[in-house]
Amino acid sequence: MNTLEEFNQYRSQMNEKILDLDNKVLKRIFSLDSLTFQEGALNIATKELLGLACSLVLRCDDCVKYHLEKCKEAGLSKEEIVEAMGIANVIGGTIVIPHLRRAVEYLEVLEQNPAE
Amino acid sequence: MNTLEEFNQYRSQMNEKILDLDNKVLKRIFSLDSLTFQEGALNIATKELLGLACSLVLRCDDCVKYHLEKCKEAGLSKEEIVEAMGIANVIGGTIVIPHLRRAVEYLEVLEQNPAE
Amino acid sequence: MNTLEEFNQYRSQMNEKILDLDNKVLKRIFSLDSLTFQEGALNIATKELLGLACSLVLRCDDCVKYHLEKCKEAGLSKEEIVEAMGIANVIGGTIVIPHLRRAVEYLEVLEQNPAE
Amino acid sequence: MNTLEEFNQYRSQMNEKILDLDNKVLKRIFSLDSLTFQEGALNIATKELLGLACSLVLRCDDCVKYHLEKCKEAGLSKEEIVEAMGIANVIGGTIVIPHLRRAVEYLEVLEQNPAE
Amino acid sequence: MNTLEEFNQYRSQMNEKILDLDNKVLKRIFSLDSLTFQEGALNIATKELLGLACSLVLRCDDCVKYHLEKCKEAGLSKEEIVEAMGIANVIGGTIVIPHLRRAVEYLEVLEQNPAE
Amino acid sequence: MNTLEEFNQYRSQMNEKILDLDNKVLKRIFSLDSLTFQEGALNIATKELLGLACSLVLRCDDCVKYHLEKCKEAGLSKEEIVEAMGIANVIGGTIVIPHLRRAVEYLEVLEQNPAE
């Protein structure tokens, strides 16, 4: 099982456990999250870029990985993704660099494991 | 002098004073900031939305104001701007709400003071 | 109009404007926020203390003010409120102190303006 | 050695090394931390919930683990702990979710390794 | 009364009220804070620069003001202070710029109001 | 290969990949970072202490490791480094402690692997 599958499996499994806790607030956060990234005045690609950049400045590696996957699914090019990450790095400062390293590493994994 | 002019005048004046400090590092940050938001693989409107959303999750009112202005200049509609702010609010949580209030207030000021 | 009324009026007015934007995501955040602080396994007083402490470590003055009001409404004593703020200050560090100053100032305003 | 023991052993060992540095400031931070979570106007259970929620919004996995243990020791039920985490998630936003996943995973470990 | 006096008076007055709350934890935080910035292996000037840079990356205006005053008192030159702020700006990113503006403004006030 | 080499090798390799992306903004951030820590009004040792303390309050383990190495290279004593970390811990609060643990652990690795 590669990094990609491992990450996704852990996420799915734990998301299920969280929903099984049967806590109304947590359930609503999850459904709100889905609603948020649906097509609207902004298209999905733009929304995922927003999710990616916000995750980078807030320095959440798992969130970055998730949105990198979604960015690829939405058909964004590597150049577009890298530019969004550059913006996040300027706004968030050099403290973002270690997260950028892991993001670039994960982007490489995604490129080697194209969704079928 | 209205809020908009006051904010912009203070920003310009202090930016000038910062550049007058003649510190190479600070000068480069300022020129890097300009470079970052220029048209590239992503268009200016998308870049400004990224700047806006990142500023909101990092809860910087002045940065939010600045990018709101730039979003309007880039021709983004109110619906697009509000959707980007909604994404930032979901990612950043209810702690973002006071900043959203001030953002919506400033957006109103911008609408009443269209750039000529 | 005192500080307390001013703060509450601004908050109400802007909340209304936010809901008037008619953005589904923002509306859901607001209704989720209400749901979150309702009586459950934890009573309202404990929930408001959690809201207060989280607001302090995240250094959001408006959020602190809001939860201070709610803490008083929930019947918490000054000693209990101050202890919660002490915990937040230890966890969040001395960077929290300026927000503590404003919190203590607002607590005084609340004590001089008891809800009828 | 399970996850729980490993985590606690590393923490104890490093805490000892930190105290051995013989730095007055660091020693006082550690003793202040102990003082902070002692019974007072608020009982220990409430204080640990505050520690847990603050750790979650600040997104510190080790701090979350530590306070989860303390919450269990203080006799808090799973429902109470989960509600506190729900509040932290609403305040801190979806950026908290990866930390919630690890918290729920650790809570499971704690339930399978009850303190004797 | 100028900005400088106003800021210091408010700080003194609120610090006194915080200590009057007679909360052991808060009192210890305040005494720990004093201890931390005393001469040690590092001299006071270096410690104040550390306080200034940390305050800037954490984006706390009041903390920045306080450490700017202390930096001046410790005899640091404008060039040294500005270099420390440049480092903080690179590490913390452009989100720090609005706080830098206010810092540079306050530094000017300090220069016009030399301690006697 | 020890922890130290592993960390440095990963960093070098990923930095290279980032520069290979040929994104002007990212390249400038990297060159700005180098410029920032060069001798100026402040000496290199003081600048590295600033980098270390800022990294700790922002809770970035990789950044802390990097600046710990640079602090040792700049000839700073253990006492000086520990004092800087103490200041960061007071400013940033107990949420910094898990990062302090890893910092102290890495400092030990550095002491056992002196640069030749």
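Order of writing sets the labels: A, B, C, D, E and F. Residues in every chain begin at 1.
Everything below uses one rule, namely that a contact is a pair of C-beta atoms (placed from the backbone, for glycine too) under 8 Å apart; a residue touches a chain by one contact, two chains touch by 3 or more.
All figures in this text were calculated on a predicted structure; none of them were measured in a lab.
A.B. asks: Quick check for you: after a Cα superposition of subunit B on subunit C, what is the rotation angle, between 0 and 180°, in steps of 5?
C.D. replies: 120
A.B. asks: Give the chain pair, either B-D or A-F, that is connected by more C-beta contacts.
C.D. replies: Counting C-beta pairs in contact, A-F comes out ahead.
A.B. asks: Average the CA atoms of each chain to get its centre, and name the chain whose centre is farthest from that of subunit D.
C.D. replies: Using the mean of the C-alpha atoms as each chain's centre, the farthest one from subunit D is B.
A.B. asks: Report the inter-centroid distance (CA atoms only) between subunit C and subunit F in whole Å.
C.D. replies: 37
A.B. asks: Taking the mean of the CA coordinates per chain, how far is subunit C from subunit E in Å?
C.D. replies: Between these chains, centre-to-centre, one finds 27 Å.
A.B. asks: How many angstrom lie between the centres of subunit B and subunit F, each centre taken as the mean Cα position?
C.D. replies: That gives a centre separation of 31 Å.
A.B. asks: For subunit A, write out the residues touching at least two other chains, lowest number first.
C.D. replies: 25, 29, 32-33, 36, 54-55, 57-58, 63, 82-83, 86-87, 89-92, 94-95
A.B. asks: What residues of subunit D sit close enough to touch subunit C in their complex?
C.D. replies: Residues 32-33, 36-37, 40-42, 46-47, 49-51, 53-55, 57-58, 63, 77, 79-80, 82-84, 86-88, 90-92 of subunit D touch subunit C in their complex.
A.B. asks: Quick one: in the complex, what on subunit B touches subunit F?
C.D. replies: By the definition above, subunit B touches subunit F via 24-25, 28-29, 32, 35-36.
A.B. asks: Could you pull out which subunit E residues touch subunit A in their complex?
C.D. replies: Residue positions touching the partner: 57, 89-96.
A.B. asks: Quick check: in the complex, which residue numbers of subunit F touch subunit D?
C.D. replies: 59, 78, 82-83, 85-87, 89-90, 94-95, 97-98, 100-102, 104-105, 108
A.B. asks: For the complex, which residues does subunit E have touching subunit C?
C.D. replies: 10-11, 14-15, 17-18, 21, 23, 25-26, 29, 33, 54-55, 58, 60-63
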